[in-house]
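In the two complexes below, chain A is the common chain; its partner is chain B in one and chain C in the other.
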Partner chain A sequence: MAAPITLHLEFGGGAELLFDGVKDHQVTLPSQSQPWDMKQLLVWIRANMLKERPELFVQGDTVRPGILVLINDADWELMGELTYEIQDQDSVVFISTLHGG
Partner chain B sequence: MEQEVFRLKQQLLEKEREISVLKDALAQLQTLNQSNNTSIELQEKVTPLVPLKEKATLSNEEIMRYSRQLLLPELGVKGQLKLSQASVLVVGCGGLGCPLAQYLAAAGIGRLGLLDYDEVELSNLHRQVLHGEDTRGQPKALSAAQAIRRLNPAVECIPYHLKLSHENALQLVQQYDIVADCSDNVPTRYLVNDACVLSGKPLVSASALRMEGQLTVYNYEGGPCYRCLYPVPPPPETVTNCSDGGVLGVVPGIMGCFQALEVLKIASGQASSCGQQLLTLDAQDVRFRSIRLRPRQAGCAACGENPTVTALKDYEQFCGSSATDKCRRLCLLSKEQRISVKDYKEILEGGTPHLLLDVRPLVEVDICHLPFSLSIPLASLEGRKTEHVQLLKEQIAETKQRLKSESCVPVYVICKTGNDSQRAVQILQQMASLEVEPISPKDVIGGLMAWAQKIDPSFPQY
Partner chain C sequence: MPILCSSCEKKRAVLKRPKTGHSLCKECFFWAFEEEVHQTIISARLFNPGETVGIGASGGKDSTVLAHVLKVLNERYNYGLKLLLLSVDEGITGYRDDSLETVKRNEQQYALPLTIVSYEELYGWTMDAIVKQVGLKNNCTFCGVFRRQALDRGAMMLNVDKICTGHNADDVAETVLMNVLRGDIARLRRCTAISTASEGEGVVPRCKPLKYAYEKEIVLYAYFNKLDYFSTECVYSPNAYRGHARTFLKDLESVRPSAIMDVIHSGENLSVREGVRMPVQGTCSRCGYISSQALCKACVLLEGLNRGLPRLGIGKHHRLHGKILAKEPLTQEEERKLKAVDF
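The block that comes next holds the complex of A and B.
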């Protein structure tokens, strides 16, 4: 059994509007037999944090196009995307791309 | 006698000095006048440009004008000369493009292509700082070029009053050294990216909305392009523009200045540090973040090993949205579920009991509202907020009493432009069977802005 994991989640670029306008969240993922990965985190966020219109955040098993995911201030593409194994005290940021000018 | 001769000679010298000062002043005014009078030629299409002249030295006036930046070892005379031979295409002369063009011109960039299809409106002036009261209604490209000329007439400005499209983008981009994306919509961002990849130009790209900004340099020194990061365009309903979401003017101002900084570094031969980096600004918490991005992607459709984007195509179709920041018009309801502002006015004048439900966010209700409307934001309806559902029930029951019949209570739903009101009607219909008494909800087509335009000209528009 892996111990519970505490994470800092952050939403920006308008993605916070799907979470009552709150940008910073401190969350604890329950302990489970396998280590948590990003794919499971997305499922957990959808089930526990998203209030409505989940399609504006997730599509299929990943984030919708136009949302950039950062793990500890790096593009998640550099970290293995959905397969990244989440560590205690990680910081995960979801930024919606802006288009205005 | 000798004293008199000496005195006269002195006087003569004095007068000659005065004359020379006057001549200089006159000459200066005449040059200024001349440059002000040569009209700036507005381009409606892309035409070939002559290459910028090579320059070996700076004039005394240039040395004085740029002295404070010439003192920087990072720039120096070499960098300044490079700037004067560099050309930059500014795509969009709005909140980002204005400060960007202003700083590039002030710093002595050689040539600025200023592109915008739009005209100056009153609601632009809080952030688009090159335009003013006196240029309202004029093409933004021209207005910006005029302001730039007042600042530094040595900068060659080419204003393009046209919409960038897959037909003209490549020809235009090829003529410039660096491209700055200051646009305000998704299709243009993909179009500019692909044109830059196809013509091998660095793309300095920024965006801003509400209290946030983002900046990256794409297609630069082996770094990723826009498509490497965003291979699939976002669903149109997830994209918010400045006229819907709002923006504090200084936020694009800051981001446009950052863009100018990166352009100046690239143009003067220094490297940009944003080639594989995303800079984000959260202006509310005054928090900058520098994010390490993925490298160029081998599988990228534009810049990858086997690119499928080999020519420009229709980007509005690709993105499912229009290449403007104007609001989209949704059509979710049938004709019977909608009512025009004209017909609603008749109902109002006829005195039929009904409920007018305003579903805009409270911040917009504070700007203006119809006095007899009930305000419940769309988000509250979507979330079925208990106190709001209760309020709605009470108001419907009260209206039903006044109606003195068993028929459904007419509920007219209004918002700013008539999109959210349609969503609200759909929600009310779901509620109608379970949570509230029988109602017949309809949305007011075009919303309060249509009301202001067609019915009550004294009602504010925003």
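The block that comes next holds the complex of A and C.
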């Protein structure tokens, strides 16, 4: 059993509007037999955090195109995207590019 | 295992560029992004030394990044430009008032002088008041037409030689797509141009230095530089048509990142068949702004608002322009058609 994991999540660029306008969140993921990966994190966010219009944040099993994801301040495209294994104290940032000009 | 920057091979890469596929560290990314904008400016000869350049600033990510990059490049390469920020206050409570606060902070952060022109002082109408009269369906038409002219009027007041706007590659690709879908050949031909010469008296030349910059890179440039920008959607009905074009392009981009550039490339290289009629540009006989009709769109819309006939500028009512100019009364039938609010 992996121990619970504490994460810093941040939503910006307008994505925070789907989370009651709150940008910074400290969350704890429950312990489970397998390590947590990004794919599971998105499912967890959708079930536990999304306040409205989930289709504006997740699409299929990934984020909606146009939302950028940074893991520990690096583009998730460099980190394995959905398969990245989440570590305790990681920081994950979601930034919408779809808002405002 | 952190991936190393493919350029300096020393620091940890922080992003994969959609344009080139390169993995770069923060510093190498800033440099590459700024150099590309510099190349765009140089190869299209966007500016001349000594010019006063007004940056159309909305407080959003694009114009904030544009202001930041232009300031950096103006100093790095001695462009010799006098840069200033020019903002339009449409009079939208809960949206523009907040984003203007961002622009005011940018004025301090970048030490660039800011001028704000408002719909209220230029036209006597705020968007809030316009929406009260016309409702939420055609309000974006009013706003778009008024904003274009407001930027020109502000620029004229400040003796600006050129206006630059924050339109990025994604915006241009979207516009190409929308013009194809609407069959608007005249706009399709114009929309990929990086700069427009003055089309006449009262119209300041415009350019788009970020035309080839991907939205993803603009947002990451702002994020890693910790730039202060505003990202709330306008409180009035969003442009649904553009929204669909945008979603479609983002979906394409997620499969093939070059899709954005490919669409722009197609737009640039379309040739329009000889004999396609293009509207002839003249000037508005009331305010002198460019217009292909007797009255420019802004004057027609304004006349409609002031007479309580909001439909006047929506759709085609060219044959009424003569009457409006001559201040002749409209027939009851004409009035009835223009009054309906359920449009």
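In this section, the second predicted complex is superposed on the first by the 97 of 101 C-alpha atoms of A that agree within 3 Å, B and C clash if a C-alpha of one lies under 4 Å from a C-alpha of the other, contacts with A are read in each partner's own complex, and residues count from 1 in each chain.
In this section, a residue touches a chain if its C-beta (ideal position, glycine included) is under 8 Å from a C-beta of that chain, and two chains touch if they have at least 3 such contacts.
All values reported here derive from a predicted model rather than from experimental measurement.
Annotation: superposed three-chain arrangement on chain A; chain B versus chain C shows a clash.
When the two complexes are overlaid on their common chain A, residue A:Thr97 makes contact with chain B and with chain C alike.
Of the two partner chains placed by superposition, A:Thr28 touches none, neither chain B nor chain C.
In the superposition on chain A, A:Glu77 contacts both chain B and chain C. In the superposed model, A:Gly13 makes contact with both chain B and chain C. Contact with neither chain B nor chain C is seen for A:Gln87 once the two complexes are overlaid on the shared chain. Applying the stated contact rule after C-alpha superposition, one finds that A:Leu56 touches chain B and leaves chain C untouched. Of 7-15, 259-267, 349-357 or 421-429, the chain B stretch that intrudes into chain C once chain A is superposed is 259-267 (criterion: clashing C-alpha atoms).
Shared contact residues of chain A with chain B and chain C: 12-14, 64-66, 68, 70, 73-75, 77-78, 95-101. Within the complex formed with chain A, the residues of chain C that make contact are 2-3, 12-16, 23, 58-63, 99, 166-167, 170-171, 215-216, 218-220, 223, 229-233, 246-247, 250-251, 253-254. Across the interface of their complex, chain B is touched by residues 12-14, 23, 51-53, 55-56, 64-66, 68, 70, 73-75, 77-78, 95-101 of chain A. Residue ranges on chain A touching chain C, taken from their complex, read 12-14, 17, 64-66, 68, 70, 73-75, 77-78, 93, 95-101.
Across the complex, chain A is touched by residues 92, 94-97, 181-186, 189, 206-210, 212-214, 229-235, 237-242, 245, 247, 252, 278, 280, 282, 289-294, 325, 382-383 of chain B.
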